[in-house]
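Just so it is clear, A, B, C, D and E label the chains in written order, and each chain counts residues from 1 on its own.
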Amino acid sequence: MSTDRVKQILSHYGADNPGTKANLYRMLAHGTLGGTGKLVILPVDQGFEHGPARSFAPNPAGYDPDYHAQLAIDSGCNAYAAPLGFIESVADKFAGQIPLILKLNNSDTLPKMDQPCSAVTGSVEDAVRLGCSAIGFTIYPGSGLRNTMYEEFRELTLEAKSNGLAVVLWAYPRGAGLSKEGETAVDVAAYAAQVSAQLGAHIIKIKPPKDMVEQAEAKKVFEKYQIPTKTMADRVRHCVQAAFNGKRILIFSGGESKSTEEILEEVKGLAAGGSFGSIMGRNAFQRPRAEALKLLQSVMQIYKAAA
Amino acid sequence: MSTDRVKQILSHYGADNPGTKANLYRMLAHGTLGGTGKLVILPVDQGFEHGPARSFAPNPAGYDPDYHAQLAIDSGCNAYAAPLGFIESVADKFAGQIPLILKLNNSDTLPKMDQPCSAVTGSVEDAVRLGCSAIGFTIYPGSGLRNTMYEEFRELTLEAKSNGLAVVLWAYPRGAGLSKEGETAVDVAAYAAQVSAQLGAHIIKIKPPKDMVEQAEAKKVFEKYQIPTKTMADRVRHCVQAAFNGKRILIFSGGESKSTEEILEEVKGLAAGGSFGSIMGRNAFQRPRAEALKLLQSVMQIYKAAA
Amino acid sequence: MSTDRVKQILSHYGADNPGTKANLYRMLAHGTLGGTGKLVILPVDQGFEHGPARSFAPNPAGYDPDYHAQLAIDSGCNAYAAPLGFIESVADKFAGQIPLILKLNNSDTLPKMDQPCSAVTGSVEDAVRLGCSAIGFTIYPGSGLRNTMYEEFRELTLEAKSNGLAVVLWAYPRGAGLSKEGETAVDVAAYAAQVSAQLGAHIIKIKPPKDMVEQAEAKKVFEKYQIPTKTMADRVRHCVQAAFNGKRILIFSGGESKSTEEILEEVKGLAAGGSFGSIMGRNAFQRPRAEALKLLQSVMQIYKAAA
Amino acid sequence: MSTDRVKQILSHYGADNPGTKANLYRMLAHGTLGGTGKLVILPVDQGFEHGPARSFAPNPAGYDPDYHAQLAIDSGCNAYAAPLGFIESVADKFAGQIPLILKLNNSDTLPKMDQPCSAVTGSVEDAVRLGCSAIGFTIYPGSGLRNTMYEEFRELTLEAKSNGLAVVLWAYPRGAGLSKEGETAVDVAAYAAQVSAQLGAHIIKIKPPKDMVEQAEAKKVFEKYQIPTKTMADRVRHCVQAAFNGKRILIFSGGESKSTEEILEEVKGLAAGGSFGSIMGRNAFQRPRAEALKLLQSVMQIYKAAA
Amino acid sequence: MSTDRVKQILSHYGADNPGTKANLYRMLAHGTLGGTGKLVILPVDQGFEHGPARSFAPNPAGYDPDYHAQLAIDSGCNAYAAPLGFIESVADKFAGQIPLILKLNNSDTLPKMDQPCSAVTGSVEDAVRLGCSAIGFTIYPGSGLRNTMYEEFRELTLEAKSNGLAVVLWAYPRGAGLSKEGETAVDVAAYAAQVSAQLGAHIIKIKPPKDMVEQAEAKKVFEKYQIPTKTMADRVRHCVQAAFNGKRILIFSGGESKSTEEILEEVKGLAAGGSFGSIMGRNAFQRPRAEALKLLQSVMQIYKAAA
């Protein structure tokens, strides 16, 4: 699986030690998309973020932690990402069968917080003892507590890199600084990608951007330099630029549950714009297993075609 | 006591080291319920939480720390849980006679705090030097300070696991994010169980859930997927699902003092729903010793029958 | 001085290492009350807490740190307690002549704080290098910052115990959660004793409780179980129960300066209720030396008679 | 390049270890101005501070991290400064070709904060592993959170110095304590330079000061001692005095994008006043490469002439 | 210079290690007052505290860090105190020529803070590597943040003492708890001296106290015990008592710039009351060098006469 494209991608991470490069390689080499330079990752942190019934009642098999690891393996995903408890449940049983990403911070929705900030719920030491390939972390650019998250990330990422792990950053702009709509505006999404890359993430995950510019200062620039934002491909292209001109792996989340058609349509736009792949949770595990396998394989085919 | 059921339960903790597994085994193998996969634990932290007279005046023998350790041993409980002072008082005298759980955080009720948060009052180092099998910790999901508690728990649990201890988590939703009633709503109880499991607890303790759904988003899901909540058994079943489909040990507290009849009725419901057992404090130690022994034995019989 | 009573008291500290037991022994074996199981301690932190003139102008000899160490030695006290500066001033000169207790937190009265919290002004490392037998610490149960103090205490007490030191805890309920009167209500005093014991203190110091119950929930219990509170002896007896049924050393402060008669009257009540002794500062060092010596000896005689 | 001037400058850093002196030397000896005692540095942190489009849309080549390192090398700059992500992207590929300065704190502009404070986004350990010559840090004197930044700087600078790195401090007064205009008033700029020097920075960067005195107390002094502030050279001279009478390297930022003419005019004033050089970001990398190279060379010629 | 008086003073620091005693000795033995038990120290932190022009415009030679070290040496001062930057500038060049005191916290006056608190801007490790004899630190008793400062001081002072350094504490009461006038009231000044001594400082610096009692509780005591406060000598005598009855070195600051006559008058009062010396900044370095030398020598003569 050491294809030219994989070698090229790894060459953008020249400052990393061989351990980290090996773990990036493991994720890029695993599964259906192995060797293409594209990734599809299964993330399951919704039980923590939204509660168990909202996450798993649509497909109750998902209450069981084994279900997701097996789904990620059988569907040919590049990696499986989850919080500490879910990873601990499967790390021993499925050891080595699929690269694991330990999500190190999480937020439940029981209290309503004005300035959102996830709790750090796992550690690099956990990721190492559980045989993970990477740590995952979420930042909320736009929150008044963003600096807290950036600084937690700095410490964890330094420790992860010196332990030979890769670092995946979920960047979800939200908080008092942004309108609800503006959270996925193209300028905000691209800004989130830039901040993530500057913070030293190897793999960055943002939401598919909308055709809208949130910040007044950015608006002037988008107009003056006529940055195209009409199609999803246009907007993804801008975000890929913002992720160091394609030198950082940028993937997109699936978001709320949608119809298969809508999903595939969206993925086509992402792929056309140069996305490195998708991270797809609810749209996968909330479907019956057969349907989920089929959907994930369809998504992978779109990326394979674009590779 | 290495029964098939105990082996099966331990198999769900494959990521833990042998030291931790041995301590889980010790608790599962001890006392009347040893080997059944069920647990009844005696917890005595009410002196700290509610004050000495409110806790021990009904049965003044309880002012003495020895009383509780002896009661736990004589009644055949699986373990005894208490704060630092109570454990220090008995650890040497009763060394090895019963598995000990050191409660690492506690909260008194002298000041009224808007956002409840317990103080960390003990350490893993204390648990180790005192020969404990596990640490205990309380979180208040729903409090604006929940992240503080989750992060304290993360650090303590990592340290406990690397020291071969087991981890017991008390999850009591409360705080500005919840109505008073909603603290024991079934969706909230299940959410607390899920969060606890994702945080990496081995044993989770919640309150018996009521037939009510607190969160608007959850309500839609409970209705759409017709999740049964009418009987205690129904609700416990949902919470057991939320605790990784029964792959994490989930037990229930007894709560306020009640009549023997009410208690046994409630325990029957818990057992029918698949509870792994009960943790029963005030209802045990506030009764005269003979009565308490009889009650605890009746409770154990119910679980034994359900095992 | 290894009397049966001293052996009995030490037997309640079975979880402690020999170093800590030796230091408890030193305090119990020293001075006029040595071997009786009773203690009278001289504390001088009022210079920090109330200012120098308010503390020492009544007897200007007290401006000099040597004065107090000499007074404690000559009067036959069991130990001398003071903040870092005072202890540093005498530790070398009087090395070994009397057990020293280093007060590790203190609070001045220059600013008025809504939520009182002492500053940590010394360390266990200081106590060790200065040859102290124990650390001292103050908590304000009832303050919104009590958790900060409990957590500082947890860290210091763990470090002290592993260094073979004993731990003395001053528990002074105050803060927004309590009425001014209620700070010394019997339920609050007993609650403070219980919290202190649960926090792991070896010796607990509270104020003489008044015939009043502060908390509504406690009131019901005091009435239902007819807990006697009329005499000082009644109230002290309840507090001794709250201190693990007499298994933790509980002593009482003298408080504001009073007439000799009032003091001795109060001490008689304390002794009758089972107090382990007194800690007497202002009432001792603000009197002329001869008078102070006489008073302290009278107090010791009362305890000796009750031993 | 070990000219008399370089030796003289290094003699002002007598307290530093040879490692740090070597890194100061490296920056002073590199590029077009090598040996003159003057410096021109290329900083590119605007992607983080203002967002990607606002920073790089004017010259899209700048989305690529390689572009800036190459520009700094080809234009003959003394050093290249950027946040973690940009430095990681180029450290291996361009290893040794130009001294690198790792910016250790950064601030995005998604939320609006009353009391500005950058997040610490990198570490000295990062600077060491990436082969950097110096760390960079930003303080906002005038912000209510300035002490937080000063204290972070103290820790990082001590660690940097003991690792043989040099320390560059960006001092940008802002926050509730200052009027918008006053942020670049000459008294405030000089105060920022003094604070920076007292904090132990080797190289200090401030903004070109305006002919205005912000603080009432300072105004009296400027008038009484007739400190000249009319020309840029006058004001720079005062700031150089404030930077330990020229014994600390003081350089000036270019600020917002301007016409070439304006820039060169400003630089002439800076050079005339004794500035050690300029740090020029947007005005360099937002121009087409040929134009940027020409501008930087013109700036260097002005400083060379003044050396 | 090992005179009887120096030996006597050192005898009050019996708890300190030989390294710290040697550094106290170095300061007491150095300069014109060497061996007398009196000290005059030159402190220059006003550049940080008030800004460069306000500090150095009256005598621009003072912009240069060398100037102050040379002035301290040539005038026969016992020591020179300054923040990190100034000490780093002279530590190598003047190594060993005069005892150095590294001021470890400082506060600029750009923002206005309700609860004043200095930033910690240097470390004990800095003091050690720079060859200093002591660390310096400022507390603001009366500020709502005083506990933060006391706790920072505790950590630094413990580290300094174990590194064989002496500890100098600047105690400047201010903040919401005090009237502007009351900051230098005699009760407040004496309280500040007592707190400083209890915190473990070796040398304490306060401002010359005024004939006024600030605190209501203190007022009663001053009246009842007729503590004299009319003359400066009276008030200094009370403060010396408060500094452990003369067993801690207590010196006084010069404060705002005044006429030579006023200064010498004030110093006579200080000396008459038993002050151990003066710390004189602005009144020294803002005068022309010849005048400053003369003034400092006159001040030293007054103390010599009083020794």
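Just so we're on the same page, contacts are C-beta pairs under 8 Å (C-beta built on N, C-alpha and C of every residue); 3 or more make two chains touch, one makes a residue touch a chain.
Being a predicted model, the structure only gives us computed values, none of them experimental.
Chemist: Report, in degrees rounded to the nearest 5, the angle of the rotation taking subunit B onto subunit E when the C-alpha atoms are fitted.
Modeler: About 145 degrees, rounded to the nearest 5.
Chemist: Between subunit C and subunit E, what's the gap in Å when you average each chain's C-alpha atoms?
Modeler: Subunit C and subunit E have C-alpha centres separated by 35 Å.
Chemist: Using mean CA coordinates as chain centres, what's the subunit C-subunit D distance in Å?
Modeler: Between these chains, centre-to-centre, one finds 57 Å.
Chemist: Could you check subunit D for residues that touch two or more other chains and list them?
Modeler: Touching at least two other chains: none.
Chemist: Just walk me round the ring: subunit B, then subunit C, then whatever comes after, in order.
Modeler: Counting round from subunit B, the next being subunit C, yields B, C, E, D, A.
Chemist: Across the complex, what residues on subunit A touch subunit B?
Modeler: Contacts found on subunit A: 45, 47-48, 50-54, 56-58, 60, 63-65, 83-89, 91-93, 106-113, 117-123, 125-126, 129-130.
Chemist: Note which residues of subunit D are touching subunit E in the complex, please.
Modeler: Within the complex, subunit D contacts subunit E at residues 12-16, 141-144, 146-147, 150-151, 154, 158, 162, 173, 175-178, 187-188, 190-191, 193-195, 197-201, 215, 217-218, 221-222, 224-225, 227, 238, 241-242, 244-245, 247-248.
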